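Letters are used for the chains, namely A, B, C, D, E, F, G, H, I, J, K and L, taken in the order the chains are written, and counting of residues starts over at 1 for each.
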Amino acid sequence: MSDHIYKTLEITGSSKTSIEEAVEKAVARTGESVHNLRWFEAQDIRGHLADGKVDYWQVTVKVGFTVDP
Amino acid sequence: MSDHIYKTLEITGSSKTSIEEAVEKAVARTGESVHNLRWFEAQDIRGHLADGKVDYWQVTVKVGFTVDP
Amino acid sequence: MSDHIYKTLEITGSSKTSIEEAVEKAVARTGESVHNLRWFEAQDIRGHLADGKVDYWQVTVKVGFTVDP
Amino acid sequence: MSDHIYKTLEITGSSKTSIEEAVEKAVARTGESVHNLRWFEAQDIRGHLADGKVDYWQVTVKVGFTVDP
Amino acid sequence: MSDHIYKTLEITGSSKTSIEEAVEKAVARTGESVHNLRWFEAQDIRGHLADGKVDYWQVTVKVGFTVDP
Amino acid sequence: MSDHIYKTLEITGSSKTSIEEAVEKAVARTGESVHNLRWFEAQDIRGHLADGKVDYWQVTVKVGFTVDP
Amino acid sequence: MSDHIYKTLEITGSSKTSIEEAVEKAVARTGESVHNLRWFEAQDIRGHLADGKVDYWQVTVKVGFTVDP
Amino acid sequence: MSDHIYKTLEITGSSKTSIEEAVEKAVARTGESVHNLRWFEAQDIRGHLADGKVDYWQVTVKVGFTVDP
Amino acid sequence: MSDHIYKTLEITGSSKTSIEEAVEKAVARTGESVHNLRWFEAQDIRGHLADGKVDYWQVTVKVGFTVDP
Amino acid sequence: MSDHIYKTLEITGSSKTSIEEAVEKAVARTGESVHNLRWFEAQDIRGHLADGKVDYWQVTVKVGFTVDP
Amino acid sequence: MSDHIYKTLEITGSSKTSIEEAVEKAVARTGESVHNLRWFEAQDIRGHLADGKVDYWQVTVKVGFTVDP
Amino acid sequence: MSDHIYKTLEITGSSKTSIEEAVEKAVARTGESVHNLRWFEAQDIRGHLADGKVDYWQVTVKVGFTVDP
């Protein structure tokens, strides 16, 4: 366990519904190109407004994944 | 599009239910006095506690809106 | 009211479901050892990933509570 | 209580005498245009120097006030 | 001079040309609704990209202006 | 001297009168439960407003104290 | 529009002439390997000095681009 | 694993020798009063100087440990 | 006025009495070696504790002064 | 020299032994996929604890490398 | 190369014209008293406003220079 | 003790070997021009890379020293 190397990518997901779903979408998209996802950390919670309401939520996360040492 | 001027206001909404609803309330209240709301950015997620539970959620957001150039 | 003294503890709660539930768990656990909880402030929203999805949400909060002056 | 909406303004007060008086002046001036002031938070403590001494203290505060929900 | 009270507004200007022009536009627009502008401080330098180039520059500034004490 | 271990607690004191007194109260209260207080560092200067004035000052400090190595 | 996913890359451009040109070079270089560039945000403005003058400007930007959801 | 609750303490260790040893001492001291230590995060690297040299290194860490949910 | 060049020094003053006096001492000491002091900005408010009380206040300030262009 | 473009990657290395070795491992791993590494900057020093001791050190670094302009 | 020692000074330059010229003036002034200037890093971009326009730009930079080891 | 005035200088030391040695070199160099060094605080840990390895470590510290009141 002591030899893990992690890389991190920064990615923004969005959702009509919730902060959690925006994170899930960002994570799912990251998983299409890299494997061994291990953790995320939210960097920023924003949103697009239309007609005086939240049109969609945008959450930027850092996603960490293991690479071979 | 290149000539937009944005102003931002800082406002705190609260909700018994969720972080998302607290944001929606802050946005809705901002929309009563200014128009052309475009985005928000969460600044702070806090809450009031009572009886050892979250009594209501308080989210402070910056709301950006377009003004005529 | 003007003589209150507050202490703050930092605690991380986790949940399979939502950011809100992770906060509620952190608050509930704090309430087992101290009383007069008054507010919390989110410090960090993270999560553990498994199989390319959020396995559980982890939210670190500062919890403030009143102590006798 | 759970439905309060707060707005915040940023304002800088100054005083020949003390940090506290500079804050009081900023708060008093805010109260001339808005009501229901609830809290302030100091952002910055600065001062103007003349003849090698503090000529006046300048404190920038965020002032929060309640608006109808 | 020691009795000045300053307020600050946050505003974003944009320009096809330069960072400086984006600031100038933000300042000019602020001057339409308030007087006695005294200083600005850049908060954020961003831009919109199109066709792989900077389409316009966006600079967010805090603008400080004097109000009567 | 080289073997000291310090712990820090975060505590908020309040005062009707001044920032200094709010700090003194936070320090005094900490000294009721731990000994060997060595330093403090202000984290936050806030206040509660009533009738358009500062009702009391609230200062959050980190208090450091020595523990046996 | 609500389903966009953005990734961000961090890149530093340099220029003999101006901050704007350093940004343009960073953006242009990013556009060689990824498409659908949407925005940048300046992180850092630095420069290399030679003979007591700015030899070239170095600006680090985060560049955001859309990926398919 | 999904139900862990973590608390964090802030503690400063010191060492005549190295940054690593100062961290180890802070961790060892924390382990005397709480169990199930899981991680640390360095907050601050400082040192005391004497005779123009580093007399001892001081590292402040946050130590996280598991508590029963 | 447009051609001023400012330098800044960082200095910590202390006082048995108040935050303001600690600043005044830092400013006065700076004025012994440089002239044309123009402003200060507080960086840090700390203090030394003895017998469970504030023994003296320590305020670190940046002091800005004009130099010939 | 004035035309260099740098990219940065964020990577976390770990070591049973020291902070320096954790950095070296992160750098070495980065060098397997990109060339012309030029500098690193530590972002975060953390560690995993086991049996009340540091089990391994984890250092997150930004690694900068030159790309052709 | 591995034995360089750098010192940094903080200095603010101003210009009627541009951010770049304000930096150049700060650098030039620093070069009058120290040699071997190597890099600068912008800390703050501000400006003085008059008649609703930018009267002059003020940029605070840290300037790094080599000293003999 | 209560009347000390401290000044701080910012300096970067480098070493082929370790973070600690880079700090020691920065401190030693500072001690050549000022006396009564009291503490340092690390600001930044960076390094120069060559051949895919750390060529030398660079640590920027603030060094505090006492001046006569």
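Here is the rule we go by: a residue touches a chain if its C-beta (ideal position, glycine included) is under 8 Å from a C-beta of that chain, and two chains touch if they have at least 3 such contacts.
What you see is a predicted model, and the numbers here were worked out from it, not measured in a lab.
*Asks:* Taking mean CA positions as centres, which chain lies farthest from chain F?
*Replies:* Using the mean of the C-alpha atoms as each chain's centre, the farthest one from chain F is G.
*Asks:* By residue number, over half of the contact pairs should agree; on that basis which option among A-B, K-L or J-L is the same interface as I-K?
*Replies:* K-L
*Asks:* When chain A touches chain B, do the two copies use mostly the same residue numbers, with over half shared, or different ones?
*Replies:* Here the answer is different, because the shared fraction of interface numbers falls below one half.
*Asks:* I'd like to verify one number: the distance from the centre of chain B to the centre of chain L, where each centre is the average of its C-alpha atoms, in whole angstrom.
*Replies:* Here the centre of chain L sits 44 Å away from the centre of chain B.
*Asks:* On a C-alpha centroid basis, what's the spacing between chain I and chain J, in Å?
*Replies:* Chain centres of chain I and chain J, defined by C-alpha means, are spaced 38 Å apart.
*Asks:* Could you give the separation in Å between the centres of chain B and chain D, each centre being the mean of its C-alpha atoms?
*Replies:* Here chain B and chain D have centroids separated by 22 Å.
*Asks:* By residue number and range, which residues of chain H touch two or more other chains?
*Replies:* If we look for residues of chain H contacting two or more partner chains, we find 19, 48.
*Asks:* Identify every two-chain combination in which the chains touch.
*Replies:* Inter-chain contacts occur between A-B, A-C, A-G, A-J, B-C, B-D, B-E, C-F, C-H, D-E, D-F, D-I, E-G, E-K, F-H, F-I, G-J, G-K, H-J, H-L, I-K, I-L, J-L, K-L.
*Asks:* In the complex, go through chain J and note every residue touching chain L.
*Replies:* Checking each residue of chain J against chain L gives 19-20, 23-24, 27-28, 31, 37-42, 63.
*Asks:* Touching chain G in the complex: which residues of chain A?
*Replies:* 9-16, 25-26, 29, 48, 55-56, 60
*Asks:* Would you tell me which residues of chain C are touching chain F in their complex?
*Replies:* Interface residues on the chain C side: 1-8, 62, 64, 67, 69.
*Asks:* Spell out the residues on chain F that touch chain D in their complex, using ranges where they run on.
*Replies:* Listed in rising order, the residues are 18-19, 44-49, 52-54, 57.
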